[in-house]
Each structure stands twice: as C-alpha cells, then as structure tokens.
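You will see two complexes here that share chain A, one where it goes with chain B and one where it goes with chain C.
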Partner chain A sequence: MNRKLVTILSALLLCLTYSVSFAAETIKIGALYPMSGRGGLYGQDSEAAIKIAVEEVNAKGLPGGKKLEVKVIDDQSKPAYAVTVAKRYITEDKVNFLMGVVSSAVALAVTEVSKEYKTIFVGTDHGATDLTANAFQKYYFRVNNNTYQSMMAGAMYLKEMGGSKKIAFIGPDYAYGRDQLAELKYGFKKLGVKADFVGEFWPKLYEPDYTSYITAIIAAKPDILVSGFWGGDTVAFIKQAKAYGLFKKMKYAHFDAGGNYELFSALGDDCPEGLILGSKHHNNWPDTKENKQFVAKFHKATGRYPSYAAQGAYVGILFIAEAVKKVGNAENTEALVKAMEGMKLKMPEDPAGFTSFIDPATHQMVQTESIGITEKNSKYPPAKYMLGKFKDYPADKIMPDQEYIDLLKKTKK
Partner chain B sequence: MSIETIISQFVGGLSVSMLLFLVASGLTLIFGVAKVFNFAHGSFYLLGAYFSYQAIALFNNFWAGVIAATIGAGLIGMLLEICFIRKIRGRSEEGAFQILLTYAFILIIDDAVKFIWGPEYKTIQKPPSLAGTLEIGAVSLPKYNLFIIVLGIVIVIVAWYILSRTKTGKIIQAASTDSQMVGLLGVNVSMVMSLVFGVATAMGGLAGAMAAPLRTVTSGSGVEVIIESLIVVVIGGLGNFWGALLGAVLIGEVNAFGVLWLPQWASLLSFVVMIVVLIFKPKGLLSNEPTRKKI
Partner chain C sequence: MMKRYKDLVPWIIYFLVFGGMLFVRGGGHYVHLAMQIIILGLFATSFNVLFGKTGLLSFGQALFYGLGAYITGMAAKSFGPDYFMWALLAVPLVAIVVSILLGALSLRLSDVYFTMLTLAFAQLAWGITIKWYGLTRGDDGIQAIPKPALLTGNVNYYLFSFLVVTACIYFLWRLDRSPFGSVLEGIRQNSLRVTFTGMSVFRHQLLAYVISSSFTAIAGGLYAGIDGSIHPDMFYWTMSGSIILMTILGGMSGFFGPIIGVTIFVLLEDMVGRSTEYWSFVIGIIMLIMVMIFPHGIIGIATYFGKFFARKGGQVDNP
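This part shows the complex of A and B:
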C-alpha cells in the first residue's frame, strides 16, 4: 500500500474514533445504540427518551447529590465494534453502567464484556430470549420483553381466536426470525393448540422486495400468516402484500414488532384494517396516566410520537436510578445487582393495577403483553391507523418456563 | 403447482428484475465508460426516493415526484462527478481513492437524508390510476408492478436506440473502449463522463422513486440495494449494459421460483448463481474476454 493511501486511511480512522468525556463526580452510564443506517431511528428515539428520563431523575435528586450522566455512542449494529466501545466505556471512561443495544447479536457480545468486567449492563431493546436464559450472566438485566413473551402471548391470542390453524410463517433469516417461530411452536404445544404449518419463508433481513414471497404465500393458502419481521421490513411487506390482496385472503398476525408506531406512521392510509399486532410499547395503550405522560413528554421534546424503542431506554434510566437510590451509591456493583433482583418498576406500558418487576432468577422484566387489531385512528399523526380492541396477557403466564430455558441450554450452548 | 401460481410468480419476479435493472444498469454504465466503481450508486436510489417524497409533499402529484427524483439524482450525480471524481482521475492510486471517495458519499448522503428529512420511515402512495389490481382469470397482478415492467422495457428500448443508433451513443461506446483515443479525435471526454454519470445516477433516482410506494423509504436502504445490484452486474459482466439486463432478469426469476420451490434456501440462490457464473465465466455472462469493454 502506498504512503498516501496509508495517510488517508489513518486520517479516516482518526475521524471515526469517538471522543467521549464525562464530567467528574457523576454517575456515568455508557449507552450503545445504532445511530446510523436502518436502526438509526431506534437509536435516536432512545437518546431522546434518555434525555427525558435523566432530567426527571436529576430533578428529583440522587444519593450524595450526584447527577446521572449518559453518553450515547453509535454501536453501528456491529458486535465487534460494540465490544470495543463497551470496553472503552469501562476502562477509559470508568462508567458505572452499560445500557441500550437494539440488535440481539450486539447484546450477546456486550453481555460478555459486562460479565468479564463485572459491570452492570441494562438491556433496553433487544429481544433474544437467550440473554435471560442460556446466555444469562448475573450482571445483565433486561427491562424490555423478550421474543418468548411476545410469541407466548401470540400463541394465547391465536388459541382464543379459535378456528382452524393452517399457518404460514415469514420472518427474517437469522436468529430473531427463527427464534420467534420456534417459540410460537413451543407455545402451541404448551397450550395444546393443534396447528398445521403450510409454509415457512425466510427472506434475508432488509430484503427490499417481497413480491415473490407474497405470491408463494398466497399459493400456500394458509388461514393465518404469522410474521416475524423487524423494523422497516414490515412496512415494505405490508405495502407489497396489500397490492396482491393478501390481507383479504388470510389473517395477518405479527406479535413482537408488528404493532410498532413507526409502522403506522410510515404506512399512513396504506395500513390494512384488521391486522393482529403486538409491540413492546403502544402509544395509545394502556390508557393510564403514566403512559399518556410519557408519550406527551416525548412528543413535546421531539415533535413526533415515539417508536417502541423510546420506552425501553426511558425505563432503563429509571431502573438504574432506582437501584442507585436503594443502595445509596453507584460503586457497589454486587449490592446493586442484589437491589435490582426482584425490583419493581412502574413502566408506561404497565396496565392499571400492575407493576413490572425483575425476575430474580433470569433478570428478565416480568411484564404484560398487549395485542390489538388495526383500526382507523388519526389521533397520532401522521399515522392514520392505530391498534384498538387490545387484549392484555398476564405477565406470569408468558414468562419462559424452566423447561424452555433448559431446552435452550441444551440446544444452543 | 397451478399455472396461475407460476404466472403470478414469474410476473412478480419480473417486476423485481426491472427495478434491479434500473439500478444495476447505471452502475455498470458508469463502470463501463468512466471506469469508476461507484459504491454510492445505491445512495442515488435513496435520494430518488426522498426527492420524490419531497416533491409529492409540495405538488401532491406522484409523477412530479418521479420527475424530481430522476432530475435531482442526475444533477447531484453530475455534480459529484465534476467536483470530486474527476479530480482523482488518472492518479496512480485511483482505484483505492474511488473506493474511499464513493464510500464516503454513502455515509454523507445517508446522514444528510436523516438530517433533512428525519429518521422516521417515510411513505409514498401509489398514483390512484395504478393502485388497483388486474384480475386475469385466477391470477391477480397489481397494476403498479405491471407498470414497472412496462417502464423497464421502455427504458431498455430507449437505451438500445441511444447506444446503437445515435452519435452520442456511439461516442459513449467508443469512450468505453478507449477514452484516450476518443479524446484525440476531438471529443470532450470529460463532458461525456459527466453526462454518463448524470444519466446513470438519474436512472438510480428513477428506480428509487418507482420503488418508494412499494418499499420502505429510510436511510440505509441505498446500501442494501447496491449489494443485489453488484451481484447482477457481476453475473452480467462488469461494464456491460445488456449484461445488467440479463443478470437482473436471471436474479429476479431465480429468487421468485426459489421462494416457491426451495423456500428454505431462497436467499442463498442468487449467490449460488453468482458463484456458478464466476466459475465458468469469470468476466460475466455477456463479457467478451479479455476486453471487458463492450457496452
């Protein structure tokens, strides 16, 4: 390689190197989110929600008059890169906590760093059940639901719906999609639901065009299409499938990420009626003071309604602050872990009369899941459709049981 | 397997092929004539989608969006060629600079789009005249997808006419074979390069605008489309316009029938086709070895 090229490459690398500086005497949290590319929306919404939560916490005050300080760095949705950022946070910036992460692959890498350096890592967005099962380590906590919780609620919903169960599944061809189908099948087995799977389709993540999949699904003639898409892939699929009349030929159910607000805002009038969707957070459900306040605060701060990611990040900060208050400092990691285990926390998504809590055994937030049906609603512009006719699934009924955790331990590690 | 399913799958595959062709043909044209591997070509597809979104917001007309996307992406493509790519032409390490430069364009355009239009997904409606479905017997074909196929065929015919029947086309062909010689004959080669860059990026912009009502308009989608286009271009023969058409139809149909018959392996099939082609025809299906210069 010639010298000029080396110079340019070095200059480029220098530009890419992040610079982070924390003020002294604060409780430091190092957050990792994708800020660019497809996941960028979730990173930006998370950052906005973190700001809201930090302001709330600092206004109320923390032990010793300390303030929370959060830095957000783009993890580029790349595990190896995220590991260097996480290590840098711990060794150079001396953060007290790590938090965030949208991609499960990134989270599985960062949890290893958290274990190695004995630094608490609070997951706020990723869904892989593994993190609170076969890949469990005691310094990891997750405040958002995992895919098992969504799919178990989905299996219960489909059971209640009755009718025959000729099912086709479509999901991205990586762990997130494959896990959802395995969990749905496990849920059916546990609930004694007999289902006939007439087709499984595995497009790659971020596939821009689903036309061929849509015609093949229609040819398979299922009663219900269960989808495991993530993010913008759902928008593309729904737009393309609508033109083929797919939603008139079968029901569409999408439990983990189908009901994300950003899909309604992107689809606008294109959103079909009657889709059965779930999400980690709904802007219009539950109809509680806490949820309304959270959504209103976010809207005031950003001028738009939040995607599901915002609630996770918001709760992540409140969760850390609550543990620090309990222990009295942010330095005694072992005491913080103890305080976090079993800790109750009122989340915006909690229905009236229920408070989410951390399962001491797996460090997973035990929380309800709500599934609704798309209907006309333009109260949250630019969305023209939102979910309605919600059904809530009780937190204790949708947690992964020991049998499933053992199964994961046996098959995945 | 019913004949209706096969027709439906074929037509669906063809509409995917045509969008792929619009992007891949620009990519291969730039490589063939300017010898630039434009990593950022997908970003013009992205810009096309956003320009179209903006024009529709202003004029409330889908076709205004298509025109704005085509012209806008083409102008920006020409501008980048004149201001940056031209400056590195002829340097000894041009190849490496091209990669760095065009890769930088991807990052800059991606972030600029997010900065200007925000991070949320955007939506574009189909024009009302193309929103319905055509029912032929038991086969349902969305009018919009059929329109994309027709548009693709029109572009192929126009491109064929320009490249083989007009003086400009002949100059472009000549420049792709030996630009130095064309320069010596008194043709302003730099202008030809800029023009080719403009036309190629305009086609990327057009593809972005046409795909927008079907796909997700979000930053980052340019990178995804470039990977498939690259496969198409490699299969057809890097720098070969007709190769891009053949590659696009091949990949579109292989995917369509792969999904129908081998759903578990569908996403692998385009790579398998690429590997097979590279083994037996390393320069691509329509490339005349060893020149790789035919348009």
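This part shows the complex of A and C:
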C-alpha cells in the first residue's frame, strides 16, 4: 500500500515541473479577469478588446522589434486565487506588467502583490476610489474612472437639472454601493446643492426579488431615485420596477454603471424611456473617429457590441505600449512608472478636443464622464433603446480633491 | 516492528514532499503553493476529525477558518506586526470558546439537521463580516496585514507554517490513534453501543468539535500571513464545501487522505487554471469519477491495489 502512495506522490512531484510558458523575446502582460459567473461577460469582452489592441500595437512595432504578448487567466472573482495567479505571473512567467481585474476586492489584494514585487499593475475595470487613495502604491495605475468621478458628474447633472431634490437611494449593500452614496452626498455638499434624502435602500448584491424595496421607494415619494446597482441587478430591478409603474412616478438616475451597453441588450423592448444613465464607455458617444473605429473593430471581431469593460482593457494595452515606447524597454520599472505618470492618451471615450491623462499624484486616469437619457435607437442590436442627449462632464471638475482623499484616509483607516 | 515502520512511511513521505518543495525549481511560486497546501491540509485534517472519524458532517467549518484569519488579520493590521504572533496564539483560545457555544447548540441535533445548523451559523458569520463594514471592512477584505520581520519572505513564512502545521498534525495523528480516537470511531459506527458502555456521546462529540474547530482556526490564522490579504469569502459556504470535496477526493477513511486530497486539488487548480476557465468543470468530472468508481478516495485506490498485490504475493490479508 505504501509503495503505491510513494508512486502517486512522486507522480505529483513530476507534475510540478509542468508549466505553460510565454514565448521568449516578448513583452509579457499577465491579465486577470473573471471569465465565468456574473462578471464573465466583462472578462470575455476585455479579452476580445485586448486582442484588438495587441494587434494594433504589434502592427505599429515596439522598440527593439519586440512584440506584446498577453495571457488572460480567469481570476474566478476570488481574491485569494487571484493573488496566487498574480504571484505566479511574476515569479514563473516573468511578466513585465499585470493588468485587468473587475472586482474591487480582487484589485485591493492584487495591488499588494504589485507593491511587494515592484511590478506595474494597470487597473482597467474596478471602481473603488480607495485604490487611488488609501491603498495607493506607486506601481498601481488605473485607466478606467472610479466611482467618485461618476458620482461627482452625477451630482453636477442633478444640479443643472434644477427642481426640488427629494432623493431616494438604492444600491447593493457593500462597499461599492455605500461609496457611491457617500460620494454623491459629498458632491452635493461641494456644489452647494440642497438635497433631501427621503430614503436609503440596501438590498444585498444579486438580490432576486426587489418587490418590497420598490413599494417602499414608491411610498417614500422621492422626485429622483438614484441607483448604485451593478451588472445584472440593474436589469432585474428595472424589469420589476417597471411593472409597478415606478418610472412614471419619479426620475431614475444611475451614474456609474447604469448606462452600460449590456443593460440595453438585456432589456431590449423593456427599457423605459427617460432614464438618466452614465457609463465608463458609450458605444454611440462621443461621435469621434476613434470611438467609431473602436466599436466597429470590436463588432467585426466578435459579432457583438462591446460592454464598457472592453474599452478599459483596450486602453490598458495602449497605455502600457505607450510607456514602453517612451522608455525604450519594458524592464526599467522605475522609468516606466515615471513615463506613465506623465502620460496623455487618447481614449475612445474622449470627446473631441480632449485627451485623457494620468494624475501623477494618484495614478488615476483623468477622463470625461458622459451622462445621457434613454431613447429609442435600434442601431446597435439587440438593444432597442440607447442613450441620447449626452452631457459631458469635464475631467478636471470630477477628480477627487485632496479634501476628499483626506476624508477617506480618516474614515477608512 | 513492522507496524511501527508502516506508521512511519506516511510521515517520511510528508517530510519529503513538503520539505522538498523548498528545492523544487528555485522556490517562488511552488513555495507559495506549498504554503496553501499545508495550511488547507491542516484545515482538511482537522475537519476530518469530525467527518471521517466521528461521522459528523459539519458544513460550517469555514466559520472557524475565517475567524482565525480575521482575528490575526485585524489584530496585526490595527496594532502592528508584533501582534501577529500574539493573535495567532489567541486564535485557538477564541475558537475554543466559540466552538463550545456553537457545538453545544448544534450537536443537540443529529444528521442532516446538525449539518444545516452548522451551515446556518457559518453563513451568519459571513453575513456579519460582509455587513459590519466599520470593523471588518466588509467585502473589500483586509489587505497589507503586517508580519514580524522574521516571518517575512516566502521561504521564512513557509518554514514557520510548516513547523506549526506539522506540530498540529502530529497532535491530531496521536489523537487519531488514542483511546479517545477509538471512542470517536465507535460513535461513528454505532453511537448507541457507546452509550451502553456508559460514556457520553454528546461530550465526546463536543470535544471532537472543539478540537477540530480550534485547529481549523489556527489554519485560518496562518493563512492571513501568506499574502497578507483576507476576504469574507473565507467564511462562505463554498469554502466549507471545497474542504469537504478535498477530503472526499483524498479519502476520509485514512488519516492522511485529506492532505492528499488538498495537494491534488490545489495543484490541479493551478495547472488547469492556467489554460482554461473551465476549471470547475474539470474538477467536477474528476469528483464524479472518484465518487462513482472509487468512493474511498485516493487512499481507497491505494489500499485496493495494496491488497491486490499483497494477495498476489501469497500473503494472507487479514482484515
């Protein structure tokens, strides 16, 4: 019996020598995305966008004739597993950069790995403001906007809309939802908007039934319902709330993740008109050459239109390639950090005449937030409604100010 | 003499494999994996004291794993690296108190009701951890947990956790073959008979529950030091679930079965996860094959072949 045990265990030891390796002489990027489960679509879209970006970059060429090589691994949305993969990327695969991550909890864990191993980590798809505040470390950069930027733009939108401000808030009961409400309130205070919060509702994430919340919201009689839902929860809530006529009784505003394309494709004809929604990227706005090209390329490659996640991943690759071009190699991490700190990059979501750039102090990409209103538009099937009447919020006005970062440091430490 | 030698073999393999990890391919990633394996191995071994030995299926041992991790993590994070060790020492004590309370409540029920109640308690702990943002930082988890300088670095921390885990496993191994262990086995086989001998089934079960839970909590505490980041999903039912899977995969009837299960599970996850996102599909198929064809796990396969060859060699196999 014991001899057999020995055989099995030595077979295991042999297995240890197995590993998939990257080709030599390339600049290696290790990407982490959820490829299954609730966030799976974002991972799939990101992977497709990464392919497009890598082709573009490699066609133009990099210093020393090197090529970009990206490996995408499913992080299973689990922080512990993601850390293992990130460490393997660095110690085994010898990647030059880490990128990606949808879940903020995963990102908070991975940024510690990046700090420990002094490997640059480019965040493309997670919102927690804390990553560029309390958990900030110099090897971390984020090319998508944080929730503060979305909510600040939202506060400005609501201010311009005028009228009385009886507001109810509903959002998932975890950091992402709680942060959005805190940021909206801070935004109102900063802009001098007097708002009357008549109710806060905290269903848990992935709640299947919102009926009790919907009736409570209608009973609270707000003028505006601000929502902080994420992913499929938005679709479930809108479908259920529509049946109760909620959208006829109040305005619905959802700034960080409300205007994501996958929502319109999931809702189809069920999408109510007149919702005020924002997103990290819109397929039909801004009407610039860069955005149209990006959307068209994505559609050609996959046969579907991209969710916001695709733009983040696409920009992440361009961002890394741009830094490598500036420095001339991918090995000198300190020089790369310097190059990234002063980086300007034209993103598909940039309106005409504006170029996004990295804030050297927080390593957050300073970018515009666009908010629109739902209207009939079937140019991007299977969606039947898209956003229109967009308003752009200038980048410099929606960045977290020092006062807010100090406040975060005080409350979250 | 033969018996003693046979007892030693698994230990020799244990030291060869986990000591050898330090020399395999320059360390790095594999030392990191080995840390996870021995820590989860301790979790699974102490879980098996309840499951394989006493016949109690707890679906809530993640509660103690998370408890250990959060005590260590929060103490080191708020008071500084020097408190890491103190917290680690306090972990089993807290776990003893909590497990006496929860054990006394849930062991009043038997079979599936016991299982459901343990699950309910663990989910409750998970809910509190997620909701109590001010204390636990909720779904963000806790990162950058500091450790004393002596334990910093992959190899140092591996050696440290290897020592702690080995000491714990040795204790559990002795327990396994002690008279107390025999009583637990008796309870699993026929608890009524144990009552007839004048012993209290409840007390023995409670003690087994407390021992199992405290060692699980130590495993959780050690885990907080691997990457310095912990997350509420350590409390979640999927954590308890995968420990059950690993134990069944390795074989719950042998003392070292759970560790073998953990080793294979973690290595498979690492290898399969590199090339495909269908990792859970692969492990699902493996589990299906194991449960249908080899219900006694890897240990069971080994025993089967061992007996087969022994018979061929002309020896009589006395059960």
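One rule holds for everything that comes next: the second predicted complex is superposed on the first by the 393 of 413 C-alpha atoms of A that agree within 3 Å, B and C clash if a C-alpha of one lies under 4 Å from a C-alpha of the other, contacts with A are read in each partner's own complex, and residues count from 1 in each chain.
Here, contacts are C-beta pairs under 8 Å (C-beta built on N, C-alpha and C of every residue); 3 or more make two chains touch, one makes a residue touch a chain.
Just so you know, these numbers come straight off a predicted model, no measurement behind them.
Using the contact criterion defined above for the overlaid structures, shared-chain residue A:A361 touches neither chain B nor chain C, since it reaches no partner.
By the touch criterion defined above, A:D130 lies against chain C but remains apart from chain B after alignment on the C-alpha atoms of chain A. When both complexes are overlaid on chain A, the residue A:T91 reaches chain C alone and has no touch with chain B.
After overlaying the two complexes on the shared chain, residue contacts for A:D270 are found with chain B alone; chain C is out of touch.
By the touch criterion defined above, A:Y206 reaches chain B but does not reach chain C.
In the superposed model, A:A352 lies in contact with neither chain B nor chain C. With both structures placed on the common chain, the touch criterion links A:A105 to chain C but leaves chain B unconnected.
When both complexes are overlaid on chain A, the residue A:D173 reaches chain B and chain C alike.
Contacts of A:G245 after superposition on the shared chain: chain B is touched, whereas chain C is not.
Taken together, the two complexes place residues 1-2, 4-5, 8-9, 12, 36, 173 of chain A in contact with chain B and also with chain C.
For chain C in complex with chain A, the residues that touch the partner chain are 6, 9-10, 13, 16-17, 20, 24-25, 28-30, 32-33, 36, 130-131, 133, 137-141, 143-144, 227-229, 231, 233-234, 260, 263-264, 267, 269-271, 273-280, 298, 301-303, 305-307, 310. Those residues of chain A lying in contact with chain C across their complex are 1-6, 8-9, 12-13, 15-20, 35-36, 43, 73-74, 76, 78-81, 83-85, 87-88, 91-92, 104-105, 108-109, 111-113, 128, 130, 135, 173-176, 178, 412. On the chain B side of its complex with chain A, the touching residues are 1-2, 5, 8-9, 12-13, 15-16, 19, 92-93, 96-97, 100, 107, 110-111, 114, 118-123, 125-126, 133, 140, 142, 144-145, 211, 213-221, 223-225, 228, 255-260, 263-264, 266-267. Taken in their complex, chain A has these residues touching chain B: 1-2, 4-5, 8-9, 12, 36-38, 40-41, 44-45, 173, 199-204, 206-209, 211-216, 218-219, 232-233, 235-236, 239-240, 243-245, 262-263, 265-270, 304, 307, 382.
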